[in-house]
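Chain nomenclature is as follows: A, B and C, assigned in order of appearance, with residue numbering initiated at 1 for each chain independently.
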Amino acid sequence: MTLARAYLRAMWDAKLVLAFTLLLSLTMFILAPLLMIGLRSVGKGWFGRLWLPPQLTLDWYRWAIEVGNIPEVMKNTLIIGGIAVAVSTAIGIFAGWAFGRRQLPGKEVLMAIVLLPRMIPPITYGLGVAKIFYTLQLVDTYLGVAMAHVSVCAPYAILVLSATFEGLDERVLEAAGVCGANTIKRFFYVVLPLIMPGILASMIFSFTNSYNEFTLTLLTYGPHTVTLPVRTYLAVGDGYWEITSAMAMLMVVPSLVILTLIQRRAKPEKLVGGFKGV
Amino acid sequence: MTDAMIEFRDVSKRYDSLLANDHLSLTIRRGELMTLLGPSGCGKTTALRCLTGYVRPDEGRVFIDGTDITDLPTHQRELGMVFQNFALFPHMTVQDNVGFPLMIRNLGKAERDERVAQALRLVRLEGYGAHYPRQLSGGQQQRVGLARALVYRPKVLLLDEPLSNLDAKLREEMRFEIKEVVTRLRITAVYVTHDQGEALALSDRVAIMNRGRLEQVGTPEEIYEHPQSRFVAEFIGLSNFLEGHVQSADRDTMVVSIGGVQVAAPALPNAGLGQRVLLFLRPNEVELLRPDVPGGTNVFDAHVEKATYLGDTIDYRLTFGQGLALRVQTDAQRRFGQGTEVRIRLPRIRCWAITSG
Amino acid sequence: MTGLWRTHSSKLITLFLLLPALAGFFGLFFYPMLLTLILSFRPEGQTLGWTLENYTRFLSDPDGHWVMLLTFILALGATALSVLLSVPLALILREKGRGHRFYRLMVLIPLVVPGLIGALGLLLFWGPRGWFNLFLMQFVPFVNRPVAVDYTIHGLIMFYVWLYFPYTCITTLSSLESLDRSIEEAGEVSGATRWQVLRYIVLPLITPGILAGSVLTFMAAFGAFSVPLIAGGNYRPLAVEIYKQIAVPIPARWSAASAIAIVMGALQVIFLSLYMRFVRRAGGARGTGDLR
């Protein structure tokens, strides 16, 4: 047996050890960068060749809040997020109802079209959006940036809500009707509670998408609409890793919430691609 | 060369709290078709998987042709297996599917093609080599599976509920084909099923399993006519059970006192006086007579509680003696209506005693 | 009029429901893309006239060639490495060993973390004062100075892998888990070792799934923006180049940027259709055994 084959054979026999090594390395590979951000954000005097910061401090967060303008940035982020969520959810409810409960020719094709903005990097159509906004004087406005976010939030909202509406069992409504409930009562007592989890899920996803959105914000923002991602980007340019890390920690919070939610419920395959198994 | 081809020696396998195989000891003879029969969860599939190696027994050893294969990896065991859901390789043609084991064994192309052709001829699928599994019907797919299992001439063929995924009519057809192939090749076969009809029709011997244990091993006749436990009697066909105790016994007959009547039955070898016995009788073995027929041994008055017309047979529920219930099936020539009085005769030779348990 | 309503009311209601979505799609995606397309044919800084010079300038300029080449290199490298990482990982994860839920969660993390944050963390970890270099300098002989990873091409490729390999891994894992295990059992009983089963049976059947996932990774890497923006150093892949055209020169070169954007968009559409084709083939990798 040649050396290469012997080597491969040994690797195959040592499957278990290799597998364990791979999993361990993977965990470190994934988590270490995030851990470093966390540590940097609270480290004092961390220079040179130290594994861990010698002291812990909240100075950087304080600096971010007082000098880095974080409260205003957060305000912007949340207001824009709120508008984006409201608009996306409204779009999602209407379109989701159409997809989920009504006869629609070429549903799959339409759904693919709806998801197109998520499949193409935002910079491609972001240019056009920016140009339009310049003309309409929507640049540096809450509404403008929020609408730009809608292009990335709405597709997922539609996806989630059409699944929600599709899952609404017609027979439950019928049973309620037979029990004597009119349309309004049926809506409030039966429909609403049943679709509420879906609406909440879609709102959380939309909010996270808006909160994290960077590219489109970069193209449509101005001094009054600096969001957290943009602020963090600007901090990188300034060169203070500690401040940037503190801001990055603030940015990560909704993502972690989403992570725990996903882990408990949805199938990850649905997040990926969005076409297969829609 | 021993007669035993496959031997389970005290095999036990446990899954969490469930004992799937409980000290299973079974010998399967060379060239016979043994069926493992039982309800789901009885351990028959686990036993089969101990043979393939997909399951390692916690205790006990497994032997094939005298060799202890308990620790041998699956791919070295030289067995053929037919699966319930066919398990054909969807990305390969029929030719490649059947030729796969030969390719693994590094046979040359010419010999591979020759053997594949032979195998396909055996299952009557010549000419289908270029088809893909998805283009074939269920029955055809199963035959490809059979060809693939036999193409490398294994010593033993395992069949794991091979007919369950086929519709009823096809099942009967395939039953004959499988039996024919197995007999012609004189190969030892282990067949797993929960369908008693299949078991009785196909097997040289049947092993009935219940909750990880062997209830009885025997030919289909032995199982059907002389079940050794209540479970076996109930599992195969319809049965009547009459429980009583031995009143008197001589060399070839014993009299059992049951619910106010005396029933004569073939003597149990070790039956002592007063011992509890369970008499067992198939519904179609009881003779139904008119009430004016003269009496005799094992002739009793009975009352028809219910009569159900089933087309070719009539199913009766009778009571006799002191509230003893009996289910009788006769052909539809003679009919007795509900509520009438009749006479029944339990043929002495057909009363089979199972020692209680 | 009411007659018209009665016969078509259902369709009209459906249309009405879809109106907000269609308006949003049109106004925020389709029309902007159209505008970008038109802009790409306009001479720089003008509102009228047609020209191809934006395209020709970009496509003939060696700088333009380098940008495209760089983008392909980064995307291909990241995709290849992702596949190499994802396939063994998926094979391990499907066995549902102890803690597999934890590792599956690990794989999801890069998907939910915004690219900016991921890039920042990666810069810190692989930077001259990060743990990677600390480890090298302390535990590996001959290494006395930090190894450059940040702002290099190979570093960037690895950053892309961190961010985008989950697409490949999840799709591959999904494909693996939809395989009928009895097919593998049949292979083993037929005499194939586990490795042979993997090589002749499992891998061919999951290849469409792997390909589908790797196209996703490729597309994400090809269109990456925030990551190369802060971690690319002097390297400017397509998306960054587009942005640079409108952010750096004054006045902003909208037409040039648009042309590049259209080129990138066209390429992305081609990749997308490839993905669709692979996905359709991936759906066929099922075991037989269904009654027809």
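In the analysis below, a contact is a pair of C-beta atoms (placed from the backbone, for glycine too) under 8 Å apart; a residue touches a chain by one contact, two chains touch by 3 or more.
Not measured: the values here are computed from a predicted model.
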Average the CA atoms of each chain to get its centre, and name the chain whose centre is farthest from that of chain A.
B
Check: interface with higher C-beta contact count, A-C vs B-C, is A-C
When the C-alpha atoms of chain A and chain B are each averaged to a single point, how far apart are the two points in Å?
59
Centre-to-centre distance between chain C and chain A (centres being mean Cα positions), rounded to whole Å
16
When the centre of a chain is set as the mean of its C-alpha atoms, what distance in Å lies between chain B and chain C?
57
Chain C-facing residues of chain A, complex:
12, 19, 22-23, 26-27, 29-34, 36-37, 40, 47-51, 87, 90-92, 94-95, 97-98, 102-104, 113-114, 116-117, 119-132, 147-148, 150-151, 154, 158, 208, 212, 214-215, 218-219, 229, 232-233, 236, 241, 244-245, 248, 251-252, 255-256, 258-259, 262-263, 268-269, 271-273, 275-276
Which residues of chain C touch chain B in their complex?
180, 182-183, 185-194, 196, 200-201, 204-205, 284-289, 291-292
Complex contacts: residues of chain B adjacent to chain C
52-54, 73-81, 83-91, 100-101, 104-105, 133-134, 137-138, 141, 145, 148-149, 152, 158, 165-167
Touching chain A in the complex: which residues of chain C?
10, 13-14, 17-21, 24-25, 28-29, 31-36, 39, 85, 88-89, 92, 99, 101, 103-118, 120-122, 124-126, 129-131, 134, 137-138, 162, 166-167, 170-171, 174, 195, 212-213, 216, 219, 222-226, 229-230, 239, 242-243, 246, 254, 257-258, 261-262, 264-265, 268-269, 272, 275-276, 279, 282-283
